[in-house]
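Structure in structure tokens, see below.
To keep things simple, chains are lettered A, B, C and D as they appear, and every chain counts its residues starting from 1.
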Amino acid sequence: MAIIIWIIQLILVPILSPLFLGVIRKIKAHFQNRVGASIFKPYRDLWKLFHKDEVISEDASWIFRFTPYLIFTITIVLGASIPLFSNLFSNNLLSDFLTVVYLVALSTFFLALAGIDVGSAFGGFGSSREMTLAALTEGGFIFSLLALSFLAHSTNLFSITKTISNFSLFDFMPIILVFISFMIVMLCETAHFPFDNPATHLELTMVHEAMILEYSGKRLALIEWAAANKFLIFLSLGANMFFPWGLTAQADIWSIVLALVVFSVKILILTTFVAILESSIAKFRFFRLPDLLFTAFVLSAMAILLIL
Amino acid sequence: MILTLLQIIFFLEVLMFLTAVFMHLVHKNSSLILLYQLQSLIVIIFVFSSAIKISSILLIFVAILMFIVKVIIAPYFFNNKLIKNNQFKFSSSTYLNAPLTLLVIAALTGLVYSHYFKSLTILVKDVDNLFLALATILISIFLLINRKGVLSQMVGILSLENAIVSFAFFSGLEVTPNMQIGIIFDLLIWIIIVSILATMINEKFGTLDSTVMNNLREE
Amino acid sequence: MFNLISTQFSFFLALLLLAIGAIGSLIFAKKDWLANLWGNGLAILASVSGLVAAVKVLFFGESFTYVINSTLPNLSFSFMVDKLSAFFIFIISLIALLASIYGLSYVKHFYKKYNLGVLGFFYNIFLAGMLFVVSAHNGFFFLIVWEVMSLASYFLVIFENKEKNNIKAGSLYFIMTHVGTAFIMLAFLLLYKTIGSLDFNVIKENIGHMSLLSKNLVFIFSLIGFGIKAGIIPFHIWLPSAHPAAPTHVSALMSGVMIKTGIYMFIRLFVEILSGTELWWGVLILIIGIFSSLLGVLYALTEHDIKRLLAFHSIENIGIILLGVGSAMIFLSLNLKTMATLSLVAALFHTLNHATFKALLFMGAGSVISQTHTRNIEEYGGLIKFMPQTAFYFLIGSLAISALPPFNGFFSEWLTFQTIFNGIQISDIFIKSIFILAAGGLAFTGGLAAACFVKAFGATFLARPRNEKVLQTKESSFSMRFGMGVLAFTTLILGIFAGVVSKIILGVVNNLNGFQQISGIFSGQGKTFELSNGFAIVSTPMIFLILLVVLFLVYWIVKILTNKRKVKIGCTWDCGTKLEPRMEITATGFARSIIMIFKGVLKPSKKFEVEYQDADMRYFTKSRNIKLEIADIYQVYFYQPLYNLVISFSSYVKRIQNGILNAYVAYIFLILLILLLTFSF
Amino acid sequence: MALLIIIGTILIAALLSLLIKKNSYFFGWIALTASIIELLATLFVFEQVFKNGVYTLNSYLSVDYFGIIVMLIIAVVGMAASWYSIFYLKVEMAHGFIGFRRIKQFFILLHVFILAMFFAVVTTSPILMWISIEATTLSTAFLISFYSKPSAIEAAWKYLIVNSVGLLIGFLGTLIFFHPAIGSQYDGFLTWGWLMDNVSKFDPSIIRLAFIFVLIGYGTKVGLVPMHTWLPDAHSKAPVPISSLLSGVLLNVAFLAVLRFKVVTDLIVGSAYSQKLLIFFGLISILVPAFIIFTQKNYKRLLAYSSIENMGVIALGFGFGGIGAFAAILHMLYHSLAKSILFLSSGNIFLKYGSTKIKNIAGVLKTLPYTCILFFIGFLAITGMPPFGIFLTEFSIMTAGIKSYCWVVVVAILALALIFVGFLRHIVAMMFGEPKREISLGEVNKNILVPIILLAVILVVLSFYLPNNLKSIITLASLAY
């Protein structure tokens, strides 16, 4: 039975991520009172992109060709090493939160390089903005997970979910602070609303989109898929670290199905929250973002002071 | 009225002290040299009297030698070489005007008589001669500081040497005669070299006023 | 054969070879190629025997002491190579070996211009000086070799004396190091005052009866003295100008290894000799670490000269090492020996890592400069197409320095994070907030370092060449690539087998004075590295393996799925306009947003100059240029006023010599009277 | 016997150089042979002193441990200076600055000067020592005004007047030192031995007074700070071989005089008194030149101020006593060698560039490569960089002083660092950069470098390996302090 859990753990993130992307687009469409595409459209987009020819610029070096594969691999590895629906494998070697943070940083590093590689103005500026934001979020990201690990006296994500799940409701105050800061970090890392508009191609505002402007064909598919995976990873981190109930410890069929259902409900709630946020507020000016990120950092630092 | 030998020596010592004082006040170079000659005469009398006291022929020879060098050769050099052919009658004035100089001289003598130097009283019985000699030493050093002329600086050094010899005489620290010959010979060379240098200064700088020579400083 | 030769023999063989190399290269100075071969060749042999000595001490524990006493009573040439000095000898010999190999062909472009005999001479003396510094065990002898090392490195910095600012950089460096040595001299003298001997062992034994005040004074003086050499923030101004001025393989050595001698003495003096450290010492070093790392990386972001950028990064990494050392000293003063051991292991591991990837980056930069003959990043661009291997090695170096997973930078930064997390769990609120600041500083430094190296690598190697000089560049010669390749391989190996290496370093730390019986801090069964209190576990080899396997799998699956699709090479989308190289991102553009965010700290200034066709008609401009600058606050607020103070005081003192003879005699008269009045009774 | 040889050779050399009428070539070689004979005789005396203690020829001439060290310095630096002056004057004559009469006068006065210095070290009587030091002043007066430019004459005049005042005060002090001789009508020959024998008869308060007079008197000759004002002018205006002799040797001879009186005072009044005075003078002599060197415009004055500073360090050494005294004597040896290397190589620079201002000298590394290396070695040695001996002696002096005078040592070390900074700024300004077009490249003439290289070799050898007979003599000499 453990093998099944292990396989599900491996393939769950890549399969579900386009779905939640579709859900977000559907909710945003409703807010703009239009019907919007079906929630399975992202699957069809990926399928279409995989079967299209590819155009690569002659200035691009091997980094441009190699980056999509690396980014996709990192999202797969991360997907497999964070708690999704069961915390059976506590001694997973890759699930130390610093490793997670630095793997994310590795993928951003290479994405930025790929952006510069083609030599177009958009790619360059996208990478510059991306690296600035990535540098500033790292503090908030590490500190929010750090606060949780101090609560659980271990940096392993699985053991954190175990210990927090049997916490009483009263000492939840610091966790709320950390959750807010984690949300800010999540929105910035996955290029969502106050930081960057995922749907736009306007060179003044786009950050993540600018870097992948030159990609086409299967490499664009891989990158789109990786971005969706990353979005799902951050959502599941947010969900399972702060509301860890519903993660099964046994390995029988029914508990797995129940856990999967609870997992997808939690993720749906978070996606709706993100969609509502995207439709309600405007995108911040670039130089106001650092203050937002510093507040995330300070919030989690205060939480640590409260916890210890 | 018969003045005992001691009183005469004390009178001569006071006279020497006065010559040192007047060196500050006088303006003409030639009178400066006259004062120096007088001072050397007094010192020679001292040496002569000590020579008689311990009746050593060598010391008399030293006194004569001193007489030749200090009273004849030195003024000859100064007068003929410097003043006659370059008309340097009036040496340049002092840094401090007359009353202030006298004030400083009084302070210096006061210092000598104060308790700082009372340890010297052990040396010899009649202390006041000793203190007057020490006062003349300090005053001749002050002469060097005060007067601007090159000639007066030379005379200052020579009067300092006279004062030291007189101090030695009074404190009984007489150096052996052949040492004194060495010192006088050394003084002779000193006078020759200084006057040659003075003539070179006169050629190059055109004046014997030492304040002209101040371009060797840190800019 | 390996345990045939004793450590002592191989250590002194290394020194002997360096001496022969030095004198030999002077003799053969006339023929360039012979001097180069002789100087670098013997340096290679010497570093090999140095490596042998270090490995024997580290693994087989045969440390040795050797004393020759000399004519002067206090001076005894006493060597003591224990595990700590062996660790530093290992770093010195490893980097010297690779720098000399790299230097063999890098120096070729000096052939007609400069005298290579002199370079060989001072290069070998410099290496010998460093080996002496880490093995000297007597204060007097240490000062001698410390100054000889600085002297040799001064001559190497001003080796290319045709450029004027090399000379200025050289003299600034020499002045700062000499002032540093004056402070170190004061520290040793204070030790001598209470303990009566300059030998480190004797000092170590009876450090007890030193008064607290003199211990604090010794700490302050040695902090300033060794801090100047290590390049910590307030005293760092010589580092960004001196390291780039030296020939590349020397600046790799200086940046990678020489500033570590300052760290060596920090550990030897503060942790081992003055064992009863005060709490505020550790806090002060921690704060210096935070400032050095943060400000180091921020200044690196503003730089466009590639070697200055790397020099600022040395300051940043020294800051990270100081975080380790500072937390070790805080734990020592709170008597938490296990945590102190862990933070020392983190500091030493990061020293080793920084030496490797900084040398790799400097060599990469050196080969780029030797091809393009300019150090300004703005004039590079697209070099990856002309120098693919150098680009690949430089990429590995950048990944390592930005602490990204498979490479060694990641593990040492991970370990430093763990020590700071231990620190945060201490009860005292003041220390806890300092450690939180340190954790925040380290996190932001990691992020900004990654941003800075994306800028450096991207602007140099990627996109299109920004000037035509780049078109004639070709790949650097074999020995340069070999040096870089070995270093890149070591960064990867150190990264993957971090568990094993940290066990060796734990052995080094346990060898220190107060740490004999501390063990069981972490258990590393080869694969994983787990803290004994179960707080954190990481397995660097697994990360590398899993990434590789999954990457391989993804590549093949996508290849099978889409093998029918064609890949067409077209030109970059240019919205219809003709896309010239000026349109791609430059280093200034890249870093400008970060500089604007941190403008409070960096105080950027922007100067416009506009030149009009004719003065009164202000419409048609002939030329318009803009100058972006960062104010060097240390120069403006500390060093320049100090310099002006000394100048004004010296002109005040010079009035003594005012040229008036009467005044001179008056001085003598006055001093005579004063002494008579004061001293005579 | 050897002492007579020394004095004899110098007198013969002086007479011979008097007789030569037309060819200036002989002067140099006479001077060189005379100095070589002196060196051999000094080494012979050195062996004697090493074997059987104090070497006394007769009641007038005797050489003790400290005396032989200073004699060694005089002989070595004297040889180097006279060897160097052969070529220096030849080039000067070629430039047409000086005529045959000037060179004749130069060599005669040089012999008188060296004779006076030897005599000062060797005589047993303080009065004779005073007379010979006075003779050195007189003989060098004309050597300083050698170029007969107004500034040279001014320097000579100031040198003469200030030193005469100083020496007369010193003479007064020497007289007071003999006050026990008043009663006993002892008209014998007053020697150091006599002073040492009847130490009991001295009156402490008078001795304190006398030591002040002696210290200030001979201190003017040593160039300690308040009395140093003549030194920069004299040493920068004198011709280079003479200023190297003045700086390297004469200061040590004068210091020997002060130290001989210090031994007597210590026996009577206890060493604390004289040590406090020496430390006071030592410290100011380091501080004042430290600041003046920082903004110095003329490189020969720079070297003169560095001599004052080194004399301050030696005074500190003797002030601290114990190991400090041993290190101070060693410092004297190293300083005279390093200072003459610096002065002689600055002579080469002067011959090539013709100016002593630092701002019109640039690119010495290109025009005079070997002189530049020697100049840099001298600079490293004089500012106490480790491979050379002065660092060892400076640090040992500081270790001697740290126990009781901690703050003096702290200030001294920082001042020494400031001196290094100032010196380096000027040296770097002179060595690098582009020389003006009309300066021809290459040395003035190759064998002018030989004496400097000889001195450099001696300095380097002595820095690393101190022969044990020299070491034992220095320890014996320093026992008295």
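Assume a contact is a pair of C-beta atoms (placed from the backbone, for glycine too) under 8 Å apart; a residue touches a chain by one contact, two chains touch by 3 or more.
None of these values were measured; they are calculated from a predicted model.
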Query raised in the report: What chain is the most remote from chain C, judged by the mean position of CA atoms in each chain?
Result: B
Query - Computed distance of Cα centres, chain C from chain A, in Å - result: 37
**Report entry** chain C and chain D, separation of their C-alpha mean positions in angstrom
**Finding:** 45
Query raised in the report: Any idea how many Å lie between the Cα centroids of chain A and chain B?
Result: 103
Query raised in the report: Between chain B and chain C, what is the separation of their C-alpha centroids in Å?
Result: 71
Query raised in the report: For chain A, what residues touch not just one other chain but two or more?
Result: none
Report summary line: Two or more other chains are touched by the chain B residues 119, 141, 144, 153, 210, 213, 215-216, 218
Report summary line: Among chain D residues, those touching two or more other chains are 157-158, 161, 165, 205, 208-209, 292
Query - Interchain pairs in contact, sorted by label - result: A-C, B-C, B-D, C-D
Query raised in the report: Of all residues in chain C, which touch chain A in the complex?
Result: 382, 384-385, 391, 395, 399, 402-405, 410, 414, 417, 421, 424-425, 432-433, 436, 439-440, 443-444, 446-448, 450-451, 454-455, 457-459, 461-464, 527-528, 534-539, 542-543, 546-547, 550-551, 554-555, 558, 561-562, 565-574, 579, 581, 583-585, 589-594, 596-597
Query raised in the report: So in the complex, which bits of chain D are touching chain C?
Result: 157-158, 161-162, 165-166, 169, 205, 208-209, 212-213, 215-216, 220, 226-227, 229-230, 232, 273, 276-277, 288, 291-292, 294-295, 323, 327, 365, 380, 385-387, 391-392, 395-396, 398-399, 402-403, 406, 409-410, 413-414, 416-418, 420-421, 424-425, 428, 432-433, 466, 471
Requested in this report: In the complex, go through chain C and note every residue touching chain B.
Outcome: 654, 657-662, 665-666, 669, 673, 676-677, 680-681
Report summary line: Touching chain D in the complex, chain B uses residues 117, 119-120, 122-124, 137, 141, 144, 150, 153, 157, 160-161, 164, 167-168, 171-173, 175-176, 179, 182-183, 186, 189-190, 193-194, 197, 200-201, 204-205, 210, 213, 215-216, 218-219
Query raised in the report: Okay, in this complex, where on chain D does chain B touch?
Result: 125, 127-128, 131, 134-135, 138, 141-142, 145, 148-151, 153-158, 160-161, 164-165, 168, 171-172, 175-176, 178-179, 181-182, 187-190, 203, 205-206, 208-209, 233, 237, 292, 296-297, 301
